[in-house]
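Before I ask anything, let me first share the structure, which is written out below as structure tokens.
First chain written, first letter: the chains are A, B, C, D, E, F, G and H, and each begins at residue 1.
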Amino acid sequence: MAVKGWITVDERFCKGCELCVHFCPQKALGLAWDRWTPKGYHPAHLVDPERCTGCEVCAVVCPEGAITVYRQAPVRAQRVPSLV
Amino acid sequence: MAVKGWITVDERFCKGCELCVHFCPQKALGLAWDRWTPKGYHPAHLVDPERCTGCEVCAVVCPEGAITVYRQAPVRAQRVPSLV
Amino acid sequence: MARELLKGNEAMAEAAIRAGVEAYFGYPITPQTELLEYMARRMPELGRVFVQAESEIAAINMVYGAACTGARVMTSSSGPGISLMMEGLSYIAGTEVPCVIIDVMRGGPGLGNIAPSQGDYNQIVRGGGHGDYRVITLAPATVQEAIDLTVLAFDLAEKYRTIAVVLTDGSIGQMMEPAELPPMREIPRARPEWAVTGAQGRPRRVLSSIYLDPYEEEKTNKRLLERWRQIQANEVRYREYYLDDAELVVVGFGIAGRVALSAVRAARAEGIRVGLLRPITLSPFPYAAIEALCRQAQAFLVVEMNAGQMLDDVMLAVARRVPVAFYGRMGGVVPFPEEILEEIRRLARHLPRPEEDPREAWFQRLSLVV
Amino acid sequence: MARELLKGNEAMAEAAIRAGVEAYFGYPITPQTELLEYMARRMPELGRVFVQAESEIAAINMVYGAACTGARVMTSSSGPGISLMMEGLSYIAGTEVPCVIIDVMRGGPGLGNIAPSQGDYNQIVRGGGHGDYRVITLAPATVQEAIDLTVLAFDLAEKYRTIAVVLTDGSIGQMMEPAELPPMREIPRARPEWAVTGAQGRPRRVLSSIYLDPYEEEKTNKRLLERWRQIQANEVRYREYYLDDAELVVVGFGIAGRVALSAVRAARAEGIRVGLLRPITLSPFPYAAIEALCRQAQAFLVVEMNAGQMLDDVMLAVARRVPVAFYGRMGGVVPFPEEILEEIRRLARHLPRPEEDPREAWFQRLSLVV
Amino acid sequence: MQVEIVIAGFGGQGILFAGQVLAYAAMDAGKNVTWFPSYGPEMRGGTANCTVIISDEEIGSPLVRYPRAAIVMNRPSLDKYEPLVQPGGVLVVNASMAGREVERTDVEVVALPASEMAEALGDRRLANMVLVGALLARLPVLTLEQVERALQEHMPGRHRHLIEQNIQALREGARAAQRAFSPATLS
Amino acid sequence: MQVEIVIAGFGGQGILFAGQVLAYAAMDAGKNVTWFPSYGPEMRGGTANCTVIISDEEIGSPLVRYPRAAIVMNRPSLDKYEPLVQPGGVLVVNASMAGREVERTDVEVVALPASEMAEALGDRRLANMVLVGALLARLPVLTLEQVERALQEHMPGRHRHLIEQNIQALREGARAAQRAFSPATLS
Amino acid sequence: MATVTAPEMTYEKVYERPRVLIEVHTHYCPGCTHGVAHRLIAEVLEEMGLRERTIGVASVGCSVFAYNYFDVDFVEAPHGRAPAMATGIKRMLPDRIVFTYQGDGDLASIGMGEIIHTAARGENITVIFINNANYGMTGGQMAPTTVPGQRTTTTPNGRDVRRSGFPIRMAEMLANLEGSSYVARRSLHDPKNIRLAKKAIRMAFEAQVRGLGFSFVELLSTCPTNWGLSPIEAMHWVEEMMIPVFPLGEFKVPPELKGLRV
Amino acid sequence: MATVTAPEMTYEKVYERPRVLIEVHTHYCPGCTHGVAHRLIAEVLEEMGLRERTIGVASVGCSVFAYNYFDVDFVEAPHGRAPAMATGIKRMLPDRIVFTYQGDGDLASIGMGEIIHTAARGENITVIFINNANYGMTGGQMAPTTVPGQRTTTTPNGRDVRRSGFPIRMAEMLANLEGSSYVARRSLHDPKNIRLAKKAIRMAFEAQVRGLGFSFVELLSTCPTNWGLSPIEAMHWVEEMMIPVFPLGEFKVPPELKGLRV
């Protein structure tokens, strides 16, 4: 069974460009049409958490550095590697 | 026997740089140390007419376009081809 | 012709086309870009030359080359781009070939911003390039004037074999007003007798700005000077508003002069005897007209969107006969009529002494607001 | 230190080195080239930076970058090259970083020639670049002064975070005179608190000339203005010769002022009460000193190697209180003392009226000789 | 007589176009008019605004600090221009985006849910015309007919199919403005 | 007291160097001095000249129209400067290259076959020093010794081996100048 | 940001925004890959620990405000002159890391002289070159990189190579100069290529850290606004229209970096 | 000039100075091959019958006075800007023959931007580029073409490539641009090469006459004065020091000119 992932979108930065939505291999993301960011955009969010594998693709394509990616793992000291 | 040639040097232009003297395959040219051009240079001239074959090499290297080249031929209408 | 609602930048472009411009060479820069883009569309349609140059330096030198063929040519730019043209302008002036430059000023110095400004008056009027040369400088205050002065610029440039600059700013370039365009002119086929076109059946011609012998160069400088004297004698232009009985005279050019007009009207409504002189030719500058006003005026108020550049020319004309006050906004700030009205009121209440430095008083007041 | 026989260009280069210049970026142009070549030899010897840039535009922008690190930096050029630096100068002024430019003027406009000239006064003093900014301008008349003012230029540039220009010409650049060089200064290791050096253990720093909001840009313009007012208050410099009892006052800068000195001496020998005021700072200009002289002088004679550029500043100071006459040679011609003596004699014989235009009378006389 | 109108909102809300329509109508009506926009791609993403001045005499300044009327299409614009409208002037608000009530009582206020009204007409982007219609109902500087003709005359070719919609929006806005009568006008 | 000396001739005749030698000597003698050259590679091939002014007081113009003395080393320079030398001044001529007689009688004239004299000393290029020596014999603004010391002090390293030759040339010129006495001085 | 805890178990952070990127909303248009380029540079500076040693040189273009987004010292250069300013800075501070960030109008049009001579001098700086086939900031005019037939506001009928000339390939041109050390062209049009782009940026800074001379990374980037495309369409346009004209790859890798795993 | 008659028989003129060269003494130093380049251009214009149709653009350098020597219309451009001026002229007069004559400081240093963009635009002009490895007019400073180790007044200890950068090969660089049609580098250091140089110049003008676009001939040339060599030594210096750095040859020949016998 695929690794379980999770992402958060920082709505201060998101511009609703949908690149993450488009490139997400699991089609787990979408725009929140009911919400506006402070700058007046519909933010992206995890519409289908079950599907997210934490593959980082959304974060890789995000022009705004708005996405943080998490992945399932036994509890231990955090490491924060960077992209790629 | 080699073609007979002849050259004249226009002393209005000659700067006595000796390039023609140097490159003349027949070593037929030299500077006239006894003469000055209007601009104060010793002009080149044909020191040894017997040797000149009219090969045009001196005219080819002359930076001042000071040299006119003649070659032996039966008398007929003049053609003035240009260099090369 | 019918009035159309036209944007300043596009109006100047179309005016140049109707005046018979044969080639445009330019480079994008806000707030001038619409002029370039308009030319990119229209010139090829008309079978004329449009080239987007790799830089303003290339643009002005393409203009230089094209002008040497005797054609009507132009470029346009703003602050930073105009600064890059200074060497080319000096060469063109020294070669005595005509061309037209449209300078749509923005806030500076440096990269600054793209807001309307008049901070480049000295650069254009007093010569930003090296050597002794002057350029005709025309300052429109409306879209209609922008059209008319663009056409005039070509005619004067050719008449005097000089550079003519239409010196305007982002406000005129960007605003829309109803205006009338001139009819389309024929492009003259004949080339002037100095033009470089290939030495076919005539002695060769050389156009250059080099005079290695200082005495030859001095002759050239003198020839330029002679021409400039003719220009001063024939081409001074300005507009007067409510001056007949004016005791206070506001002097402002371009958009600042126009804002001042609103203030003058408001002041008149308050019963203040104030008028406006709006120079249209910044060079040649209307010294005589201002000098003449010294007899009737109790004081002058110079209004500019800079730290006081035209002010020096007014001071030269007034020569402290009467007091001169100054009001300037800088860095791309366009004054509101209310601000100028307040300055007029102050003058009406209290006249400074002629020997007072107008910049000093202005700076003190400025420090309160900025 | 002992006097040495020094060529102006090399003396200025060595003076800059002794003043602690850390980097020189430049491009060849006559009559300035010896300065570049001297730096090419000496700077590497001292482990300092010398770069022959690909153009004057690259040179001024290398200066801009290096200045942003808080280092003492300079470039030098002449007419055409200086014109190419106008955009860069405007950026540097807008970014408020210090640097020194040495401008060795030559005949213009355009390519012109390489003879001594003062045709670029307006370009430097009134600001050839776009936007509102002023630069400190120092005009040496001897090789010794060229040395001293080069050193001063660095000190003032840093004190006021501004551009300082040593405005001289081919004559000072090329002539040799005995002069004394200052001792070699230590290069300060500490960098100013605004310098961009890498954000190590401190908040990051940004140096830029962009202020998209006009009100922010206006604040910057005002800051520049405030600084300029301090400079005007503290840094005006000029030299007086025979002025105590002078009825006629000659005003000339640089080499022209020096030629005028010979003429003044000759006139004194003829019993004419004439003196000389030689501005050393062209900007800030010694307005007050000239204004003060109006009380004693019957007339002024302005002598320049151009068509009358500083003349406007003198006119602004005199404000037609007394007559002003002008004598100029153009295009690289250096006047002989005899010519100026003749002008002094004419003034001594007959005073023009204050309202007469000095350029007019000059041009008429000029037409006879040129 | 001179009237100054400011129109302000987000880029993309048709701010500049709305102003141009008024300017064309004024020109065709033989009046003097100026249209002054905020400009420059550098402005990208920010708010857009334009000032339209309609006058019988030659127009001086194309900008005024205190306009006679303002159409505000979003919150920042409301905050910026509410204090500036001349007393007795007209303030037209797109209630859909304003996010708050108007506070001033010394100006004529017309607040309409323009975005929703426009959506009902088939396109959110018609909100600008709805508000122009509303303005004209309270500030009779131009007639509806003049503006409608301006649309017909000057709408660029590629958008001619939108003319009808725009006219509908104008009328809808005017009608709504008649109904929604604000107390300020009574005083 | 101020003395102006012009030295002129072809490039390559050591015109500028001759002037510098005088300038160094004057400086070492504690006088004010200026050395003003024709300059610029653009001058290439043309004639070179320099003006040396030696004075007790601060020097004004580094250029004069009418010099007190002139050393002319070729025909064009003779033509140019003969008319300009002050009456009673000194005109030193390189007869080897002048190609004509001097016409003026109101100046002291010293005409020497300097090129030949120099050749005799081993190098045609010493003609400049021969003429400087001749000048000093007639215009005692500096002593021969002062100039000789200047040569020793300031001759650039790579040319030091030429010092002796130059001094010889100086003396030779001075000696010759004493002999060749021109009528003008009698008047 | 604290780790988010999903109801039943713990998740650990595997990626977050680099700290070198200042936490502000950028002025770039939605979907513009200028933002991606910024993020990649920030990640590289962070991974290499260069933040405190780095000085950036912003240029004139949409990236003129780049200095607002990187938490490093910055200057802003006149149009096209960033390499000259960078030269001035680097010569004064040889031990600092200096990079310029330039658009294609800035670098390939008005700045052609400066970029070539800076490369020829082998200045030890890094240049990040954003090739978006037009002038973005001024509203979409033709750039030297505009592809044949492409419509821009100054080539309304599509770029006609006979009148407006041919596109210029900067990476290839600079790779041919002896002064350049590392030269590559990458693209930002999909995750795979973005990863390769980051590698190239890393290599470029590695070259500078090792003092190998001028390093250059050209990045094919989108301009949805002026192309009149959605961000996603723009990504495809890069692949279909730009890559055929601007082939991707490493054109020059200094021996010292060969086989370096980044 | 009348034919000279030697005592016993008749000689016929086989070469004389081209009429396109005005009969004046040039300002060039003795033995400077600027003069050879002038003569070759004049011969080509004469042979092709282009004199009356040609407009020359002189540049800033020793050749600044070129306009004094050719009997054709001429203009004189600001330093480095000749290609821009030529563009302006050619666009106005497409049926005229326009050529620039530029030195290496002018074209390769300050004029780099203009030459590259003019070539990229494929402007139908001809550029004659005199590479003499230094700035002649101003007295022998380093040029972009100065060879490594070469002493100039601004590289007194020889060009140190680490500090002053590497030489730039213009012909190769321009040949890589799509806009260029004919590009060659030739040398003027001996009769054989001078003949080849003339062929190249001929080819370049043939390309322009046929409207094939930008044509470029780089000529290795001597500067005896600033090199401190005799004219003959200078010829050898070109062969020994320059040709190894600047290989000779035709780098680009348009198909239309392939096999053209000139």
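The rule is short, and it goes like this: a residue touches a chain if its C-beta (ideal position, glycine included) is under 8 Å from a C-beta of that chain, and two chains touch if they have at least 3 such contacts.
Nothing here was measured: the structure is a model prediction, and the numbers come from that model.
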Check your understanding: Hey, what chains does subunit B share as contacts with subunit E?
Key -> none
Practice item. Moving only from a chain to one it touches, give the least number of moves from subunit E to subunit H. Key: 2
Revision key, fill the gap. Most contact pairs found between chains C-D
Practice item. Could you tell me the distance, in whole angstrom, between the mean C-alpha positions of subunit C and subunit G? Key: 39
Review point. Using the average of all C-alpha atoms in each chain as its centre, how far is it in Å between subunit C and subunit E?
Key: 34
Practice item. Compute the distance, rounded to whole Å, between the mean C-alpha positions of subunit C and subunit D. Key: 27
Practice item. Calculate how many whole Å lie between the centre of subunit A and the centre of subunit B, each centre taken as the average of the chain's C-alpha atoms. Key: 85
Review point. Touching two or more other chains, which residues of subunit G qualify?
Key: 29, 64, 76, 78, 109-110, 112-113, 117, 121, 138-139, 144, 164
Check your understanding: Counting only residues that touch at least 2 other chains, which ones in subunit F make the list?
Key -> 41-42, 45
Review point. What parts of subunit C, by residue number, touch at least two of the other chains?
Key: 30, 54-55, 57, 80, 87, 91, 95, 110-111, 113-114, 208-210, 212
**Study point:** In the complex, subunit H residues that touch subunit D
**Key:** 60, 64, 76, 78-80, 105, 109-110, 112, 135, 138-139, 141-142, 144, 153-157, 163-164
Study note, to complete from the structure: Residue set of subunit H touching subunit G in the complex reads 109-113, 116-117, 120-122, 144, 161-162, 164-168, 172-173, 176-179
Study note, to complete from the structure: Listed in rising order, the residues of subunit E that touch subunit C in the complex are 20, 23-24, 27, 32-37, 39-42, 58-66, 154
Exercise for review: Going by the contact rule at the top, pick out the subunit C residues touching subunit D in the complex.
Suggested key: 57, 79-80, 82-84, 86-87, 90-95, 105, 107-115, 117, 119-120, 122-123, 126-133, 208-222, 224-225, 229, 306-307, 309, 312, 315-316, 319-320, 329-333, 363, 366-367, 370
Review point. In their complex, what parts of subunit D are in touch with subunit H?
Key: 27-30, 33, 36-37, 40-41, 44, 52, 54-56, 80, 110-111
